[in-house]
Structure formats: structure tokens, C-alpha cells
């Protein structure tokens, strides 16, 4: 961190700054410029230190210069994290496609969807059994019944399953069924939940919060990684902006940024990212072209009868058409879509 | 809701829309205009219905026209909610001031602060025992030890205490000590936690999420109210915008809006709302002038030595000065600051 | 528009609403629902009518249901607008690449860049002679001297040139040199300028304002189109959000949205959209995959010595590498990159 | 500025950085830390220098540490700017109230409003003769006819008038009639217009752009001040956020921030800041409590018949009621509302 002194600071104030730094276990390195005098803080800093230092008399502002996340950074681990789930590899050379309904509704719905997305080339089945809903008056998922239906679909199709866990006390239950635990956007800063999935031993997908900066997202990742769980992937699903045409604004630039600053795989969710089924395909292709390691797509047998998020779900036919487009776009940026073993 | 048909829709599509509405238990009321034909949806709608209806062929968009929150609305309950905590009344004619440290650190710190804010005229003591921290590498609160220190401060000063609860499994523990449970901004859509505090029987303060619309905030309030807990107050603490000078942008307009659309008391937190101690006083006065029912202010004996959020904390002296300013501003908008019984 | 009456409106208020609509030249069509009573407004409405109607006693809110833009909409003109500039076609089957320096600095710089981007396959040369600068204390372009240097580059390379015009009184001057007039993001709502370029007879590129909704952007397009100038293309260049890692957040979803709701060609500018040269290539590829009609890329012989926006400029070598990636990605979504005639 | 070297930089890279700084006329001051090595840049820097320095090999990022605005800063001029317009003083001890219709429509409308706001205690008359409109199909003001009507109202009431100027070529015309030139939010970065009003010799009010940071706003102020025009006041009128309940989100914190970092008077416009007449009074009072030097309020004889922005205009009666509330709130923060000489 760099402590910037205010113009016209006194020597007494400078002495105070250096004394306080010493008390906190740091060394100060003074640099007097024409515009400003600054003090470099030497030692292992942490985000909250900024607030502490800004309180010292004579200090104008404190500028952080090192990234606060560690385990998730490329500096810490230069090589890519690669996650194996069954016979699927996430974060390697091949693009992974996760597909399925927003919410598990019935056995017929989940089995039909699983078969359809598998036939079209998807690798992992998604489906919500515990659903966050902005309103308490609407469908919130089938709970364990939904988890059982997902398991049945896995048995039949051989696809690993990913499903959301909403609260720490459900982690154990959901882990019994799921191959990958999903932490949703609304829970990105539910720190107790992050630690619990970190302790679960299961691969985890951490979605970006609707108004989270990339730095905050990676700090949330630290909560999981610091529990010893290194099987972590991130998922960009759109951020909240002033634009109201789309449900969220998909931040495609987050994909190459994550790739640059972190070793964690990055998945794109254009279904939540746009909120409109007819925008899912162009944004999915954009994400692949920008270097995403995978896609997560909502698919439903009859989107207009879906209990949740029908407007952003693809029909089987539209999903099949999307897969046919994904393959050449992935190839054009040097990436293969893994063929499913039959 | 209003279903807007796309230009050039077919009669077959119109028939389909009306049939689908009937299946869903609604009646459709067609209105053919020069620009557009619309179908009014008659019946008790819910937010997700919009998605369902937008999937029907021939539909251009669906426009919600009734507010999705109910129990929190003024239409449902025209008279103000008034909450009694000890001898303090929140939501009535008198302005309530909540003050104390961001985090409970030591017995000396919490007791000294409690005495100082009480002497200056505060009514309720705040202090965090369980702290959310964006980074796993920093101070996260003293836990139950912190709750015990708060209780000791209550015993000595007679002030009721408010403290944050982070996760459903802590609700029982925190309820044993706290007079008011606080749900923080990051947990505004932690729906399981909302229901748990709803069942606790304790008064609750629900902070607005950093990127939550007013409608989403009130829908989160529904989760608590619908558990039968009507002792609920809201707290505006700033929203995330592009401006980086302040930590958040305090949405002062939310105060009169909540007062108009809801019966719940509304508290303002200019400490988190601005993130800078020298902005706390002007924004506190602004909130009072705009009609807030109360203020929540961070105070620390030595802000520059605070373990958390020192930069936004007032010293005892600054808090005392603020209280001296709050009284005439409150009076100027017809509000008294309750005198503390000695 | 739909007028939503407040709950418990009186019959007198309803009579007032219908009377006012008649005065304004509209017809009201009443629809009484269980939740709400609404009045459909029949006639050719306009955005400001909403404000007018919301003032009538008994009205709760007014909901616009038709899009306020006309000439730019697909409903008005279903077939794509195709613009011919010299031998370059914009908005047709072939992807167009615009490249060049942010600002024209010297003859050597602009000529060297023109040759390099032409050799790499670009179709149109960009370069700023009049530059908007947030600070009055920095470089603001060479003015007419810059226009002359661009013309010289056109003569030598045969590439049409695009350059920004900042103020109405410069339109005539800039039109004498430029093949395409660019209206920058900061001027998207400089309505007098829009009309002036509308009258110029020159093809125009209208950049999206940093905080403009898609609807506002298309309304600005109306200003140009309504002057009889139909040679208009749009350019997405990133919007302002809370994320600070990038200069702006590139809204890739705007590309398929514009394609759906408008007939105007849509160009993507990942240089301004990201502000960082190492993000330009992935975002350029993403834009092509999402269906953009063209790219606009900043290229500089020595970005680290550029007078403006060096951090987001590609070197000749990086631009060449990008072009080699663009061709297969474009092909993968069924688009050719036009070969330059030699 | 501080140049932060990337981890593992080479000595060759460090030499390159220092050499480049020397070429640019700066001195580099190296500080080697445990986490990072940084180079302080000694000399008079400017915003674009950041981009230039970030391009040098070995540099991780460049952190600006001095504020880029000068003439508008308190460091440059510690004492408040005070502007005299007729017998009205802006920026001094007394609160100034500007009121009038959004747009000048008819002689009756503007005269009746001028009389009413004067009687209620307003000091300056506002009214738009040239109006920016998002759509080309709607009312855009009466032009010079409107200016004449405003002059007539000034003659009759003695109130100075403020009106917007939209384009550089109108500055001369508008200056002939207006006492204060207003630059609207959409033109905050219309730099040519800023310079032109800077040269006009007239007092200017510069509104904050809808998505402008405080730093950008003050940089736009520099354009006016650097032309030698020091009679400049700023106006906060709401920023664009994700919240859709209000037209904009009024950033009340901008008021004390401007007061801290700049000597320019700061006016609040709660009419545009909220877009809803029933929010104007609470936000006006909030602005006064936060320390605003003045208010700008839209008033209309019959808001429901207004050609523009009726929904945010107060009736005469509501304006009178507001003035009665403003006086005690201003007094409570030590400010008088100047009495109008009769």
C-alpha cells in the first residue's frame, strides 16, 4: 500500500505515520515528490489496513497496490486448475457444456431434458432442487425429491450433475447427490456457506454476484480455497447495470480477465446473463470466442410451461441448434467440444 | 399484468394466449388499439408469471402493473408499524438513534462507547459480534464473546442492543442476547436466513442489498413478515453505483419512497452509506430532513485503531457534535429526538 | 400506453382521465380487473405523454407499451440497411474492419499505421483529428491538419476514412475530408449535432453513450434518420458500470438486440469497450461471434508513445494476429471478411 | 503518479521505466518493498500519462495520486467562490432558491409562475427556451420567443433568469437575455460548448452528467474556468443507477464532497433528481440539510398540462408549502433564506 500525505502535512504528522506503521508491524519508506509525498508500506498488507491508515492525521488517501486475493491468483499458481468430474474435464483444452432445466419439476421433465441435452452433446446436467426466489409466494424447488430425480437422470444418462445449495445446513444433504455444488449469485458473499462448501470435498461452481467486482468475486473464492478445496470453477452470469432490456448485462470481458489473473476455470451462463432465450445463442458463442472453459445453458421441454425462468430457457430443438453452432466457434479459437462417450 | 401482443399477431395466436391464461386460472380482457393490442390479465398474479406469459407465441412483452409485495405495502396496512424495544419506540413520532462500534473488540472498547453514545443521547447500542468480511484473511468478530460484552453494556447503560446474525444456525444463539436482529446487506436475499429471523419472534432490521431495487427489498421483507413476525424495520445503507469517491451512494430518495409505499419504519445508515467519517454528519442530517425514522451511526473510541471500518466511524466528540445538529434538524421537520430516561 | 388507476379510485377520477385523454386527441379503453383497473390509450403516443398522464388525479402509473423509435426499427424497415462507402459494404454479408490510431499525431504515424492495417486486411481507416478530452490540459487533436493527413493516407492506401466530428459548426469542414462522420459517445445526446450530421449527406456512425439505454440510443438515431440521412450505422463501445477493472463494460448483448429491433448495421469497438489492449482481441472475437457487422480497432505504431489511449491500442503485430483470428471466427458464424482489392 | 512494477520484473525493465520517465520530463523515485517495487513519478503529471506509463514493459499498473483538476479545487482556492447576480448572492451564507417551469410555453404560463414563485420567496427564475428532448418527435422549446418571455418576467418581477444553452452557436443569443447560462447534464462533456460559455463572461451553472464521476464533473468545470470565467456554480441533479423507481438517483453525498474538494457553489435539483413531484420536497430538504448552497425547483401552474416534465413539477401551492419547510431546515443548519427585497 501507498500512503499519500495531504499537501502541507507537518513533520509531526509524518512522524506519526511512521510510528503507527511500526506499531502495526510494517516499515514505511518515504518518497518526497513535487506534487505529493508518499510513504510506501513494506510488509504483508490486507484490505482493511487501508481504512486504518486513512485515519492517521496528515494522510490524504491510501492506495492499495497489491491484489488482496492469493490462492486464486495466477501469481500463486501459474498453471490452470483442471477439475475432473466423472469422465468430464473442466478447465482443460476441451469446452464443457452444462445444460438442463432451471428447476427440477417432474420426473418426466428432468429425464426428457437429460436425454435431449445428452443427445445434443452436453456433458453435465444442471437442475435446481433448492431454488432462491425473490418472492416468498412462488415456487422454491422440490428439495430432496428434486435431488433424487437428478440422480435418476444421472443413472440413466451417465452425466454428472450440478445443483445449487442455498444454506450451510443443506451442504451435507446436497453433497450426497450432487457431483458439483453450485453457489448462486445471491450467495456469493454468504461467507459461512462458502466455507461449508469448501469443507465438503466436492467440486464447486461459484457464480459471480450481481453487483460483485472481479476482485470481490476472487476474494469469495478464497473462502472456498482456503478450506483446502481446490476443485473450484467460476461462473459469469451477468451483472446489474442501468440497462433494462436484458435481465442482467453479461460481462464477457470477465472471461479473459479471469483467465489472466486466476488459474480457475471460467464458465459462462448466458441464460441468466441475458434473461431472454433469443439472446442465449449469440452470447454463448461470444463467451466461447472470448475463451470460456464452458457454458451453462437452461433447457426445458416446454419453456412456456416452465415453473421458473421459462423466458430464458431453450427448447430441445434450439439447444441442438446452439450445439451445432458452438462446435465450429470453439474450433475457430482452437478448442474442441468433448465428444460424449456412448 | 398486461400482455402486449406483437404487431401483426394472428387470430390463432390470440386464441392461444386466451387459452393459456384460462389454463393458468386467469381471465384475459382484450383491448385492441391503433398501435398495439393488449390483453389485461385478471386474477392474482405473481412475478414469475411474466416469464411464463412472455413465452406464448404472438406475445411481444408482458408488463407487470401491480406491486408484487403485499404484507409490507401501505395498501395492505395503511397505518405505520411501530416497534417497541424496551422503552424505545421505533417508527413513531420520535427519531431513534442507534450508535456503537462496527465490531465489538474488547470490553473496554464496547463499554466506553456505550457510555459515550448514551451520554450523547443515543437510544440503542449497535455492535457486531459476527462480522461479514470480504476477505477470509481478516477479523470476523468475537462471536459469542462479543454478544456477552454487548449484554454487559446493556446491563450497565440500559440501552437495548442490535447485532447482526449471519447464518440461520446462529439465529437461536444471537436471539438469546440481542434485542434486535440485524440482517446485513449481503444477506438481503439469503432467503433461508430471512425465514429463520422471521420465526425468531425478535424485532428485525433488514438492510437493503447493495444492488437491490426497492421492490426486491420489500419482497425480502415479505419473507420475514410472512412468518408472522411484524416487528420489522428497514435500513437504507447505500447502493452500488459507478461513483468511486464514496464506498456506496446513499439513496436518500429511498426514505420517502419507503414511507409512501410501505408501513415499515425506515432507518438510515450514513456510515456504510458513505464510507467516510467526514460525510457521516451531512448525510445523517439529510436523512433526517427526508423523513427517516432513525439513524444508525458507527462510533469508536479511537477510529484509527479500529479493527474494522475505522474510516467511517465517528469519535465520541464527533458523535456528540452530530447529536447536537440532529436535534434542530429533526425539529425543523416536526420530529423530536426522544430524551433518554436517566 | 396503459394508464393504471390507483386502488380505490373514484368514478369522478375515471371520468377525469377519459376527458383528459379526449382533450389530448386520444381514446381511452377501460378494462376493470380484480387487482387493478387500467385504461388503454388509443392513438399515436409519444414518450413525454407518460409524464402528462401520470399527473391526472386517480392515476397510479402509466406504462409505455410501444417503442418510441420508429425510423430505426425493424417494424418500420424489415430489411437490413446496407451502406456503401467506396468499395466497402457495411451491413451486408461481409464483416468490415475499421482500424487506425486513436488520434492522428504525425504524417509518419498515420501513414505507417494505414499501410500496416491495410496489409493486415482492414477496410476502413480511423483516426481522430478533433479529440474530446476529459481534461482541458491535454492533447485535443490536430484539427484540419489531421484531416489532411488522413486524406493523404486515403490517397495512398485507397481506404475510406472515418473521423469524429465534435460540434455542429465543424460538420461542413469534416465532411469535406471524411467518408464517414463519427459521433462519439459523449455526443450521443448532442441533438443539434445529430441533426447537423443528419443533413450532411455523409454516412454516419453513432456511438452509444456511456450510460445510454438501447432505447435512448435508437431515439438519438431518429434525429439523424429524420433528416433524411439513412446511411447510419451504430457502434457499441462499452457502458459505465460499477466494475473498475475495465474502462467500460462492453455490452455484447447489445449486438444481437440491435440486430433484432433495428435494421441498422452494428459495429463493435473493443478498444474503448475494454480500455486494455490485452482484452481487445478476446472481445473483438466475442463481438464477431455475437453477430457484429464490423469491428473498430485502435492500432498504433508505438502504443507506449501514443499521445492518447495508448493502453488500449494494438501494435501492428498484435493487429495482424487479431485479423488472423477474426477470419475463422467470422467463418464459424457464416460470415466472410471481405478481401481488399489490391 | 505511482508506477507499480509487476512481480519478478527485470533490472532491464526497471532501467527502461526510468529512462522513459526521463524522456517525458519526469524523475523516478524507486522504492523496493516486500510485496512490490514502486516508482514515484516526480513532476507535473496529467491523466493521460497513466496510459502512457502502463505500456512500459515491466509495469503492472499506474496509480494516480494527485487530483487532475486544479482551478476548481480548494487547494487552488481555499475561500468559497461567491457569485453576484443582480441582488442575489450565490455561494455565501444565504440559501438561494431557483424556481420556474421546465419549459417556457406561453406568456401567461411564465408570468403567472414567475409571480407565484417570487411571492413564495424564490430568488431566481428558471425556464427552458431551448430544450433537449430524447426524441426528435416532441416539444423542443420556443427558442428566442421563449427567451423574450423570460425577459418580460424578469422586468416584471425583478428576478434574474437562468436558462439552458444547448450549442456553441447559441451562446451569444442566449447571453443577450439570460443572467445565468445553464449547461445541461447531457452537455457536461460537450467541451466546445463549455469553452464557449467560459468565454461568454456570464455566470454559468454546470449540471452533473447522468453518469459522470465527481472528478469528471470538476474536469469539465476546468474547461469553463480555464477560459477566465470564475463565476461558475455546479448542480447535482441525480445520477443513473439500476434503481428504476426514480428517474435518477440523487447523489446527496456529492454536496458535502464538492464543498470539501472545491470552492464552487453547489445547487441541488431534486426535480430532475427524482422525476416525481412527491419526492421533490423531501429531497430538497435533504439537500439543504446536507449543506447545499441553493435549490432549483420546477414549478408549473398546471403540471398535468405541462408540455414537459409535468410529473416532476410542483404546483404553486406545493411550492409555497415547500418554501415554508425549507426556511426552518436551512435555519437548523445555520443558513438563512434570503428575503426578497420588495
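Points worth noting:
The first chain written gets the first letter, and so on, giving A, B, C and D; residue counts start at 1 in each chain.
In this text, a residue touches a chain if its C-beta (ideal position, glycine included) is under 8 Å from a C-beta of that chain, and two chains touch if they have at least 3 such contacts.
None of these values were measured; they are calculated from a predicted model.
Should one ask which of B-C and A-C has more C-beta pairs in contact, the pair is A-C. Comparing mean CA positions across the assembly, the chain most remote from chain C is B. Centroid to centroid, with C-alpha atoms defining each point, chain C and chain D lie 27 Å apart.
Annotation: 39 Å between the Cα-based centres of chain B and chain C.
The geometric centre of chain A is 31 Å away from that of chain C, both derived from CA atoms.
Residues of chain C in contact with at least two other chains: 211, 240-242, 244. Only residues 20, 46-48, 50-52, 54-56, 68-70, 132-140, 166-169, 186-187, 189-193, 195, 210-211, 216, 219-220, 222-223, 226, 240, 277, 303-312 of chain A touch chain B when the two sit together in their complex.
Interface residues of chain D, counted against chain B in their complex, comprise 211, 213-215, 239, 241-246, 249-253, 255-257, 260, 273-274, 278-279, 282-283, 285-291, 325, 328-329, 331-333. On chain B, the positions that touch chain C within their shared complex are 2, 4, 7, 29, 31, 33-36, 38, 40-45, 61, 63, 65-66, 75, 240-242, 244.
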